[in-house]
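Chains here go by letter, A, B and C, matching the order in which they are written, and residues are numbered from 1 within each.
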């Protein structure tokens, strides 16, 4: 069918409301493809390949994930050990070699039957998650990082010192009962999610980091703060952005002061990458790397795999957005990409099926 | 590998960004376990068992569920009878013997082709849900409770009397056309979700309860109000809590007055358990039981299986939270646990897969 | 068991908290059905049929869907071509013959490697979605409509003229590189979602429509605005409704002016149907049809398949609500029903399983 007749046909077809055999037949004569049998819906055609316009060599792969226990704001998937075991296998297949328990407890909910925390009124957990994660990390040859206890006091009062006091007991207890028994126990995650506004608590971070290193003969520690950018709004709020976002200059001043205060006891910093716009990634990442180098801190990125741009807080991220962030991390010569967080937002087992497809896109992109 | 060498290895490995064969091989030499074949992702290993730190004998099992038709605020799953039939089977397997139609209509949406409500301008439903639920309840030997019609007037004006007037017709109609024909029709759910603030409508509740009993020769009635606690915020709002939460004393005063006003026509009260903090459960539950005993009302708990602590309103609850609430109900000698609500928040068929896993954890915990 | 004994039994059973063999046996004697074996949970019984109270001949079927790329506010499903290929087959099976790319780009995210938009600072997409959608539309004999680029300027400043300037380049580029090469390329979607408040931009719409027609030798164009009704609230906000909703009269005045201004360059208008209450459908639809007829514009409905009444923004719509809207469209003699949007809200592949069941209910209802 030549172009002129096609144009005419299309204009006429515009008013053909309902799909019918007639319309389909006429279109069929325009080409030579066999019309698919729309009566039968076969399985998905796994032979169909996507053609990429970009190369994965420009992106930093993800090699670590948080385990979101005890969660602040992500609905629980209610997995048992069978699901976790399979998820560790999926993680490994993706190239992940490190898992980080994000916080061993939050307020009265704890991940393991801590004698100390139970004595403080915390609720008894149904199972010992810490034991389970360590056994799985041992089994799958992962590095395991232990996240400190979050009493909630900081969120209520701004005071980080209660965290120090309570975590002294937690760290002692966990090291002797779990740390010395598992080959995967590789370090500590200082879970207070500080930002520029908590500079006054630099001392608390020194204490926490020093405490962890001291008991474990110097195992590594890291932090994962957020940048006070335009998307730094509360999860339990409707809005997606704010107007008083930080400038790169102010961010640099604040973090120079914080890094200077924690050097030597904090080994790495993985800034959450989701609070700034995509066109701000290079500017902030460059500064982060300079600061990290200046103060002898490893520069990691926390490549968030959930989407901060959507009304639902939160669903898995669009693959293209993740790709942009991993490319920026690569350009800035970041050392490592960790993510919040595989099991909800990238796992083939996730309750959010968008996560299973994100895993597929990632594996395809990185040729795994 | 001895501890000292392990420590050294772990610190060196800290800077190994990407997972590679080298790192994995080195770890492998540390232990004797066979390294899993990460190339193949087999099915989930159903042989893996969870070890519980707590006993189910301290928890009250759930034996009833609401059927959330017509829903106020939970997105519809769009099931047909095949899905509902299977869900009744899952319910039964879990130990549920009672289903409660939460409200036979809400504003202009109705569950059955009520001549009366259609004459009032309600929309014709696609299928007769009431008929379907009663047939399924008959088939699976369940007790069925019928929830009254909610015209929406109370939510708009605070006036419960329109509900009384309209429900007189509804109750007459439903009893003669459905109630007398189904062996499962076992009672009535007075669906107005009253709280302390609706004390002025005690008379309306007496009328509604009395009306239901009168036509059905005294079949049981129950209510399921909420406690005006810190989490009593609107679903269509962003926040998760409020500051002006009720004290236990005020709650006791208010409900003593309400129970005194409805005794004899309301047989049971199942307070929704999700609006108070977990550490407030014993205090409120104890008072609820005392009041119920004092006024001859059966004390049930509505063990909510959705999570009120998360930004998304609502996803299935974390199993540990449900467990805490069922344990509190057991301690307070509650007679029965019902739930809002199985099909969205605990069913293996739920669109929210966290619900399927909640079902697994529950079944495992109660050894079913 | 006679009625009197049944009544007595039911009252006694009221206090039977836990499901037990005793209760079940007693009920069993009341009837003759074989008690289902609750120990075994077989597959869903596909032989169970639903009985409809309404006829599909009173409803207008859906024959077109948007493809929500680049999305404003729906979380990405992260599909690859295999998933999209299967979804086109599901669409066809449902009777869809038209797909509409909703907007070829939004701010810096684009659907195809546009030389022009990349030169304006847009991000490189991972794959060429426009190419993929056109190949699939060719393969499945669909009509494809191309949605214009949305720079975001209108949302930030209210000015639609930047859209005109940028889209001149986009339209030229897309026509020559894609339009002339694909038999499915059938028209244009003017993606600015205007409402009564944007009357001042009538000129911009004339320019955009004229531009598209001019380059493509008059291929059809359409718009899909919203009615400024009670549910016209922002997606990234908690509320579900507003008080200052438009009256039918004001809506008619505003749209008479807009239609008068765009006649001749806009061929169809598909008002989004979800911002007004169900009892307002006939009033607004009647006016829409009159206006459309008066100005020579085809009257379509955008039958939204997501639910605007629920706290989560957004989940798939309840089938009964969709049915009411399609019936209103049929009553008003609308020519065509399109939907926002199949892949998230009606597809068997959707991450939201309520969508798969909505598809089942729809197919069952329309006997497909």
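The rule is simple: contacts are C-beta pairs under 8 Å (C-beta built on N, C-alpha and C of every residue); 3 or more make two chains touch, one makes a residue touch a chain.
Quick caveat: nothing in here was measured; it's all calculated off a predicted structure.
**Q** Give a one-word verdict, same or different, on whether chain A and chain C use largely identical residue numbers at their interface, taking over half shared as same.
**A** Mostly different residues: under half of the interface numbers shared.
**Q** Nearest 5 degrees, what's the C-alpha rotation angle taking chain B to chain C?
**A** With C-alpha atoms aligned, the rotation comes to 120 degrees.
**Q** Measuring from the mean C-alpha position of chain A to the mean C-alpha position of chain C, what distance in angstrom results?
**A** About 31 Å, centre to centre.
**Q** Mark out which residues of chain A touch at least two other chains, giving numbers and ranges.
**A** Chain A, residues with two or more chain partners: 238, 312.
**Q** Show me the residue ranges of chain A that touch chain B in the complex, using the header's touch definition.
**A** Per the stated touch rule, the residues are 61, 63, 73-83, 85-86, 89-90, 92-93, 95-97, 108-109, 113, 121, 123-128, 138-141, 143, 180, 183, 186-187, 216-220, 235-238, 267-268, 298, 312-314, 335-336, 348, 350-351.
**Q** For chain A, which residues count as touching chain C in their complex?
**A** 1, 3, 6-7, 10-11, 13-19, 23-24, 27-28, 30-31, 33, 35-36, 38-39, 41, 44-54, 238-240, 278-279, 307, 310-312, 315-320, 323-324, 352-354, 357-358, 360-361, 364-365
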